[in-house]
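Take a look at the structure below.
The chains carry the letters A, B, C and D, assigned in the order they are written, with residues numbered from 1 in each.
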């Protein structure tokens, strides 16, 4: 399989980026499709209809933040790469497949906020996306696709930070059947935890 | 957090641009999804159906102009930047979250043109998007991300022009409950006002 | 208003291209949303359902060809430009507004193939898009945004070729009330006519 | 018709790439629109609803893999090109037209998994897309648009590998009426077959 270098094959390197960014942009935009006024509600006051849609709005806000975070993480991964090879392209497709599932998981969450399974499914989708994201970093590290080799402390912290959402999201899928809608708090905890890890990482260098 | 320079990291700088443009392109295109022929109208003449859709068409035209104006404003902001940092990327996500809400606010407006709340909501969505847009300029100014420093008269006019839509849209949200559908005129007034400010700015230089 | 040069401001020049291509890509893709299996048809054999959808399939094929032709025309326009100015960006937004309306006009055509108004509306949407496209070329010519000046024979042929779809589509909107579904033949006639003009143009040089 | 060179006209070369990638990204994302919770199912447990959606999930997974494979194939084609001419652009539009049909074919498959015609249609859509893809390579080879001339063994293998999906998908359309849902296995067989051909090709060089 071919390898595409950042400097030598800018068009080919760029296409993988374009496809990924395109999917992120569309996934981000599809989130709003879940916010449709129910057709049957034409005689109900708008304020009531909007109030009934509250779980949909919460699911929308969480999902925008989640898609944004995944974009930012993928952005950082790519800025570390010197080359893209066939294997990384092969991982990109299922990765995007899970990103694309986020609007579906969000709409299930907005539609059935009282079912634990809806929370479990959201956790699985995001856990799988995180897991593929982490294995993309691992693959790039193993095959020498990185701009600068990852060593020592930096390597351990990068590993820790890419493992964090995998562990939290996948374990939240199981816990959802015990703690119900509180699962959302688990997801939100990823942001402060990651920012603590980031601060620890910078302090050491 | 990393900083991406226009010349030194063209791929990373470009990705933020691509994601943003992608979201703008999709938001622009989603506006048309609101223009669906109602399913139950199969035996009504097409002319009647289209006439009944008049509020949807007005909302479509205003929204295309609004999304276009936001794109143009973001375009000008970005052309002033030398670098993008983590903070600006962090502001981009909620900014795009509000841009993505425009098709929803538009469809509510087309569906319920007689409810003041529909106009208020449209004003809030656009006011928040404008406010985040203005704080992106402010952030870039404070952190020295601009290509050329903003000083004196230019700085005051840039501040004034980015505050204009924030003030008009947010105040329109309150006024909507008094003036109903005339709120749309307030929104439209932003174009001539901004063009007057632009002319004053150029005259002075 | 600022001017963005192809070489001096590649990011800014490129963003207008990206937004436009994004809208074309999405408009092209939205065409397929019209091809949904009707929900009530679950007990009808698939072959019957698909046969009933014949007008939708014709409208899909014509629309893919139309969007493709507009993309190709815009592609040629842009390859002639050296610079993009505020006025051209200002024309781009309503241009994209009409491109975005194509999936709507197509779905009306597929839904009501027996109403002349559906054909008239399709003609108006495409006629307006062509007219704005032609005025973009005219604007670029007047403001000196072109890479090479358009003169003499080439200028006359470029004018003729950009006027052709404007005249055919807009006149088809009126003729639709006389000739009904035969209007589609008028539209299709643009391809051979344009290719004849293209051949005449090349023969002379 | 004009020819756009990779180095001499990067913007024009790039636009064809952007449009194509945009369509791939959107097609990939539209696949998820088929995964909507049925509206009438509000009182059925979510687990039952999701179980009933099993054919939709299978169709989603196959389609993500299929769109990904087409993207990868188009990626490899484009990385072999030095120039894009009008003919190739003319082939790109119907190619994208068929790519755009994949979400429709998928939704028919998910909706009517018991009808052979649904499998036949999926095979035809993908067979036609593959056939246009193969003729793009053929056109580029004939018109000298490739970076390096294709000769001897490499040429034979490239021809074989681009013919493989055409033959499998188109013949699957006929076989679908005999073997029903087992047709999906035929499609899946393309991956190991192509990887065997790839290995044979590399062994020889």
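Note that contacts are C-beta pairs under 8 Å (C-beta built on N, C-alpha and C of every residue); 3 or more make two chains touch, one makes a residue touch a chain.
It should be emphasised that the depicted structure is a prediction, and the values quoted were computed from it without experimental measurement.
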- Can we say the copies subunit A and subunit D touch using the same residue numbers, with more than half in common, or are the two sides different? different
- Message: Farthest chain from subunit B, going by mean C-alpha coordinates, please.
- Response: D
- Averaging only over C-alpha atoms, locate the centres of subunit A and subunit C and give their separation in whole Å. 36
- Query: In whole angstrom, how far does the Cα centroid of subunit B sit from the Cα centroid of subunit C?
  - Reply: 26
- Where subunit B touches two or more other chains simultaneously, the residues are 18, 22, 25-26, 33
- Note on the structure: So, in the complex, the side of subunit B touching subunit A is made of residues 2, 4, 9, 11-12, 15-16, 18-19, 22-23, 25-27, 30, 33, 89-90, 92-94, 96-97, 100-101, 103-104, 107-108, 111-112, 115, 117-118, 121
- Item | subunit B-facing residues of subunit A, complex | 6, 13-14, 17-18, 21-22, 24-26, 28-29, 31-33, 35-37, 42, 45-47, 50, 61, 64-65, 68, 71-72, 75-76, 78-79
